Amino acid sequence: MLHTIYLIAIAAEAMSGALAAGRRNLDVFGVAVIAFVTALGGGTIRDLMLGHFPIGWTQHPEYVYLVVGCGLATVAVARFMHRLRLVFLVLDAMGLVAFSLIGCEVALSMGYATAIVVMAGMVTGISGGILRDVLCNRVPLVFRKEIYASVSLVVCGLYLALRQWGIDHDLVVLAAFAAGFALRLLAIWRGWGLPTFSYQQRWD
Amino acid sequence: MLHTIYLIAIAAEAMSGALAAGRRNLDVFGVAVIAFVTALGGGTIRDLMLGHFPIGWTQHPEYVYLVVGCGLATVAVARFMHRLRLVFLVLDAMGLVAFSLIGCEVALSMGYATAIVVMAGMVTGISGGILRDVLCNRVPLVFRKEIYASVSLVVCGLYLALRQWGIDHDLVVLAAFAAGFALRLLAIWRGWGLPTFSYQQRWD
Amino acid sequence: MLHTIYLIAIAAEAMSGALAAGRRNLDVFGVAVIAFVTALGGGTIRDLMLGHFPIGWTQHPEYVYLVVGCGLATVAVARFMHRLRLVFLVLDAMGLVAFSLIGCEVALSMGYATAIVVMAGMVTGISGGILRDVLCNRVPLVFRKEIYASVSLVVCGLYLALRQWGIDHDLVVLAAFAAGFALRLLAIWRGWGLPTFSYQQRWD
């Protein structure tokens, strides 16, 4: 199940990445790169951080075809997508949670400590969007919008806690998924954000 | 032959990187870093993506001296370089093609699937310029200028196709090189670009 | 001793990273990420460059707690920090030198060539700040401010030279540390900078 959600999620991430590229008037190659990086960049950074080689998608060329294809298809269907914005928010929330859980599992399988497992989950969930924003020359959105990374943190924490209590693995995944998904949708609906920090004096 | 072209190409890339640093009024250390990253960053990203350690240039300190030296020399000769712009476009085209072929060969030697081999070629060819632009705080040029990454794609595809048909390796390299080089020069001459994608509605 | 200085330095780097995040009005999650990246990003890039896995901090979750904790604490104490600016400049200078020496030692222990050892030292010393600036969407400060990377270069060079002359290791570290620290403070005090390179013609 997590795998199916993963495929849907990388397709959705690729499409939203393509729209970000469109805001910068990139050419179709730029669109393909941004789509790829948004969808598969998070897993790449996680694998580099964990020293997990070969990197996931290099063993699954079909993922590359999927995300590049979806990115390019976005150019054709972009003008209809605004009506589907809600659908994409839901798919993105699913992706955030699925990516986080997958990231935790990879780090766990390599025997990393708890804090690093949580970081691997969060890195998988959010760093694709960070790379997208860096390439599009803007301050990463995830550092400013409604709680997003925090959802990833909750999902990873809950997953590890339930797991430690000896609960059945599938149930743990389901519970962490449901909780994270609900939390993210609530955050969007209610506009929950983290407090921001503003410091305007010259420092360096 | 590919090796000689490679050395000339990294020198030329380093010099054009130094000019990009000059547009941001960086100090000579910044110039050296941007020169290094432009020339050797593509191979670095490729090696990280493929899990190919040690990373190429770490075994060839002479490459580091070459690109840093060329980058710093650019500060002295910059005012004469505009007259040589055409020469540099030609060297850059040679570099793009040589980098792409070398990237393909590294990935092939590690047994990666076709799509990943092509990506390794393209990453080697273009990501030095992407890193340069990110460090200079601008949207990567390669996402917007005349066909550039597409040349890399054609070179890699042709190389793999000819190779599969059992043609002699040197001949394959020569043919792919010539085709890519010609295509890139044609693209510059005729101003061929890819269609761009523009999307201005608020999305995220 | 180097280890104690290292811990103080990553804490100080995390706090100055947090202030940079504050200038962009990031939320507390963004603050934590920038603090982490500023403090531990340099060692991460070095480990990736050297193929040195597992990456340092993944084996020391306590470093992650320390830098994230210091980053978040900065939000509370930021308004008192300006008075401590001098203290932070001193801590940052200590960090720059300690990071450089640690970077050299890691690369030496892996048998890399001299030029690569020096680069590993410099990368450890400065790339945390480069990542911070890229994520905050500005041209890296280290490419423009008073001599900073040059201090790292001097420290690494001196360390390697003294080491080769067969001097006792602790003495070598102490001498390189003292020289680098003094040079950095002198550079701040006298405003020493490198010459900058300005090139305003259209090139690419």
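Every chain is named by a letter (A, B and C) in the order it is written, and numbering of its residues begins at 1.
One rule holds for everything that comes next: contacts are C-beta pairs under 8 Å (C-beta built on N, C-alpha and C of every residue); 3 or more make two chains touch, one makes a residue touch a chain.
Composition by chain, UniProt nomenclature: A, B, C = Trimeric intracellular cation channel family protein.
Nothing here was measured: the structure is a model prediction, and the numbers come from that model.
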- Can the chain contact pattern be summarised as a line, a ring, a star, a complete graph, or none of these (other)? complete
- Note on the structure: Rotating chain A so its CA atoms sit on chain B gives an angle in degrees, to the nearest 5, of 120
- Cα-centroid distance, chain B relative to chain C, in whole angstrom: 29
- Mark out which residues of chain A touch at least two other chains, giving numbers and ranges. 48, 134, 137
- Message: Under the definition above, what is the set of chain C residues touching chain A in their complex?
- Response: 16, 18-31, 33-34, 44, 48, 53-55, 58-59, 61, 64-65, 74-75, 78, 82, 85, 134-137, 141, 145
- Message: Under the definition above, what is the set of chain B residues touching chain A in their complex?
- Response: 48-51, 112-116, 119, 130, 134, 137-140, 142-144, 147, 149-150, 193-201, 203-204
